[in-house]
C-alpha cells in the first residue's frame, strides 16, 4: 500500500498543503456519538446521544456545564474534552471575578481555538481529538459555536457533530429558517428530531440515552419595576426522567414528520464503538 | 511534483540541493486553497476585503469575521488556514501592545509588518515547528498628527513626543503582505488566496500609484474585484467582508472599522451589476477575453 | 581647601557631604510606610434559633470620622449555583477592613460553588465552617482583617452560627456580635439570648438563686432582639447606623430584609 | 585640584562631598512607592436623574508647590465611562495607560451579534462602568496585597449592566463603595456634606435635574478652592448620560467672593 510520508506529525505539510495529523484528529470526532446544538433569539440548546459500553454499564456523559451561562457538548476523546472544559471553567471564573459579568462566549471560544492551534504547529504535540459544541448566552445574546481539533471555531445557527451527524445536519438545514424565532421547547424538539435522524435503525431515543442542555434568557422579570435587563436562565442539563416530557414531544413517530424527512437512510457504517472514545 | 520522494520535503528548515525549503512551499499551497483576500491602498486610506466561502448553510450569517483589528488603526486579513490566521492575529496584537508599552505610541504599519515578518520567518527555521499556512495582508493608517503622550502633564511645549521635522509629512495609509516564508513587501494593491491571479489583474488596472483613487471608490473596487475573483463554477456561495481605515478627518477617524452595511451593500450591488454587464459584453464578443491563468 | 566654596558657612572646618547625616539614618528616618489596613467600622450580629438562623449587619461604611457610604452590605449569601445566589443555603457576614472582607467572601463563595459543581449538592455549614477557618489561617502572617460569622442550618435542621477571629480560630455558638459595636451588643445578647444573670424570682438568696430556665427563642423574638440590639448600638457608636440588613435562614430558603436605622 | 579629564565639569568632592550613588544600588530590598509624589487633590461627583456629574481641578501639586496647572484628571473610557483620579499623578498615568490597553482590547470585538445591525447588543457586550469599577477594585486590591499600592483614590461614573447610573469609588487599599454622591480627599470633608444636602439618598438623586447637579458640583468646587490650599480655580467637569459623555477640561470658577477672607483673623501680617 502507498505509504503516506506526510502524516506522522502535525508539523509537516503535505505537497498539497494539508496537515494529515489534524485531519486524522478530526476523524476522532466522528467516532464519538452525535450531539446537536441550536440557537434561537432567546435560547441555545444542546442535545446528545449517550452511549453505554455494554448493556449493564452506565451511560457516558456528553454535556458539561462550564459556567452558569455556558455549556458544552462533546464528541471524541472525553479526556481531551475534560482538559478543555477545565480550562474554560477557569477562564469564566476568572472573568466573572474581575469584571462581574458573564464572559463573552466568543472570547471564550477563541481562547480554546488558539490553544488548539498551537498543538497543530509544534513538534511533539498532538491536536486535541475532540470536537465541541459550545452553547451560551452573554450580554449580546445566545450563541452556538463549533470547535474543531484544528483550532477552527465558528459561530453556527445550528450544528451537529459526531457519528452519523450528517443526517442531523441535513435536518437542521431543512428547518434553518424556523430556529431564530423558536421557543425554548420548540428548540429542544428540533434538536431531538435532528438527533433522531442520526440514529441507526431500530434505535430509539430513551430516557437513558438522551441528554438535553439548555441556556437562555428568561422572559422579563418584572420585580424591579422597569427592569430592562434580561435575566439569564443558567445552563442546565436534563438527564433520565427529566427528559421524558421532551421525548414525548417527538414520540409521534415518522407519520407526523410533515416536512418529509426524505427516505430513511440505510444503515451506515457503524458508530465505531471504541472504548476510549467518549468513555471515561 | 519533483519534490516528492526526494526526502528533502519531509521536514521544515531543510534545504534541498537546489536551495529550496519545500515545507514553506507546501505551506503556500495551503494559502492557495483559501478564499481570496485583497487589500487596496488609496490616497486617503486602506481597504481590506475577503471572500468568505460559505462551507455550510448552518454558519451564522455575518458572525464569523475574518478581518481582525490588531490595534485601533490596524487591520489584518489572511488567506489559508483559518486557525493559523487567528494565531497570526493574536501575535500581532501582542506586538502592538508591547510596542505601546515600550514607546507610548501606537505601532506603525511598517513596524508591525516587520515584526510579523520576523515571526513568520522564525517558523521556517526550526524542525520543531511548521511554517504558517497563511498569507496575511496588513493594512493601517499611521497617525499624521501628533498624539498626546500619556495624557501629557504640565505646561510644556505642546509638541507631542517631539523628534519630528515640521516640514516633513508623517504617517498615512500603508499596506503590506506577508507570506509564509516571512517575506513581506509594501503594496498599493495586494491579493492572495484562490483568486489572486484574477484579483491582481484587476488591481493592476486601477490607478493606485499615480493620482490614486478615493477610499469610497476603493471600497467599490474591492467589492468588484472579490466578485470577479470568485469562481462560481467551483465554489459555493460566498459572503463579502470588508473593512476600511481612513485618516483622522476621514470617515473612520483613523480607526480600523468594518465598512458600514449600507455602503457594503451598495458596493455589492455595483459589483454584481458590473459582472452582469461584462457577461453581456462577453456574449457579444463571443471570442471572450479570458484572464490568463 | 574650602576656599572654593561660595558658602560662608563652609569656611572654617571643612564640611564634607560624605559625613553629612544620611537621609536614612535612624534619627532622620522619615520613611512613609504603607499601611495596608484600615477599619471601615460597622457591626454584625448572628443568632441561631431552633430551626432558623438570623444574620444581621448595619450598612454603614466609614473611614475615620467620614461616612463613605450609607448602603454597603456586610451580610452575603454564599455558595449558590449562580451569581444571583438564588439557591444559596449559607450566609457569611464580615466586618473590619471592607476590602479584605469582600475578598474573603469571594474566596469562600468560589470554593462553595466548586464544591457544589463537583458533588452536586451544597456544602454543609459544618464543612464550610472548617474550610473558612483554613482560608483565614492560610493568611496567618498577612491576615484578612475581617471578623467573620458564618450562619446556616446544620444536618439536623437546627440553626448554626460559627464565629471567627481574623486568623481562623472559630467556634460554634448560639449567638455572636462582631465589629465596632460588638462589646455593646454582646452583653445584651448574653442576657437576652442565653438568659445570663436572669434568675427565678424568689428562688432563694445568693448561691441558692436559681437560673431562669433556658428555652429557644422564637423567630419573632429574635428579630425583635436584633432590631433592639442595633438601635442600641446606633445610639452609642458613631460607626454604626444608616441601615439594618437581616438575612433569615430557614429550611424554605433565605429571606432578606433591610430596615432603616438612624443616620446621625 | 583634580585635573583628570573625567573630573572636568563635576562638582568637587572636597567641596561638595563624594557623589552619592546609593540610589543606583540595586542590592538590598526592592523598594516601591512609599508615598505619593506629585498629587492631585479632591475629585467629586453626584448622581442626578439621567446620569452623573463629576469634577476635579486641573492642579498637580508637588508637596505644597503648585507644580502643574493643566493636568486633566478626568479620563473617559469607551465614551461611556468617566474615571476621576485623586492622588499620585504618575500612578494615574499608569492606570490611564492600562485602561487604554483595555479599550484597545475592546476594539477587537467589533462583531455584530444576533442581528447584524443590532448596535444595542454590541454596546451591551462592551465593558461598562460596572465592569470597570469592579476591575479597578481588583487591580488596586492586588497591588495593596503586594505592598506596592497605586497611590490613588478613584471615582468611576457611568452605567451598570442594568443600565442604571453607577457611581463608585476605589481607594489605594482596594476598598470600594458606591453612593449617590462621592468625594475623595478634602472633598470628603468639605464637599460631601453639601452634596448630601441635595442627594442624601438614591431617591433624592433621582429627582435632581442635570442643571441642579451641575450647580451643586460648581458650588462644591468653589468651596474646595476657598478652603483647600492644594486646589485650583481651573477645573474639568464631565457629565455622563446614556447619550454619552460631555467633558469640559478647562473651566474657570465663576463668581468667586473672597469677602469672607477679611473676617479671618490671626494669620500672616494681619495684626488686628
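Read from first to last, the chains carry the letters A, B, C and D; within each, the first residue is number 1.
What we mean here is this: a residue touches a chain if its C-beta (ideal position, glycine included) is under 8 Å from a C-beta of that chain, and two chains touch if they have at least 3 such contacts.
Treat the numbers as computed from the prediction; the structure is a model and nothing was measured.
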Result of counting contacting C-beta pairs for A-D and A-C, higher pair: A-D
Centroid spacing, where centroids are CA-atom means, of subunit A and subunit C in whole angstrom: 46
Centre-of-Cα separation between subunit D and subunit A, whole angstrom: 48
Centre distance in Å when subunit C and subunit D are each reduced to the mean of their C-alpha atoms: 30
Centre-of-Cα separation between subunit C and subunit B, whole angstrom: 59
Residues of subunit D touching at least two other chains: 111, 113
Residue list for subunit B, restricted to those that touch at least two other chains: 63
Shared-contact residues (touching 2 or more other chains) in subunit A: 97, 100
Contact graph of the chains (line, ring, star, complete, other): other
Pairwise chain contacts, counting only pairs that touch as defined: A-B, A-C, A-D, B-D, C-D
Residues of subunit C that touch subunit D when the two form their complex: 1-2, 4-5, 10, 14, 16-20, 31-34, 36-38, 40, 61, 63, 66, 68-72, 97-99, 102-103, 142, 263
Subunit B-facing residues of subunit D, complex: 38, 60, 67-72, 75, 89, 93, 96-97, 100-101, 104, 107-108, 110-113, 116-117
Subunit A to subunit C touching residues, read off their complex: 65, 68, 93, 96-97, 100, 232, 234
Complex contacts: residues of subunit B adjacent to subunit A: 1, 3-4, 9-12, 22-23, 26-33, 56-60, 63-64, 81-84, 86-87, 90, 123, 127-133
Partner subunit D, residues of subunit B touching it in the complex: 61-63, 65, 68-69, 71-72, 93, 96-97, 100-101, 104, 150-151, 153-155, 255, 257-258, 261
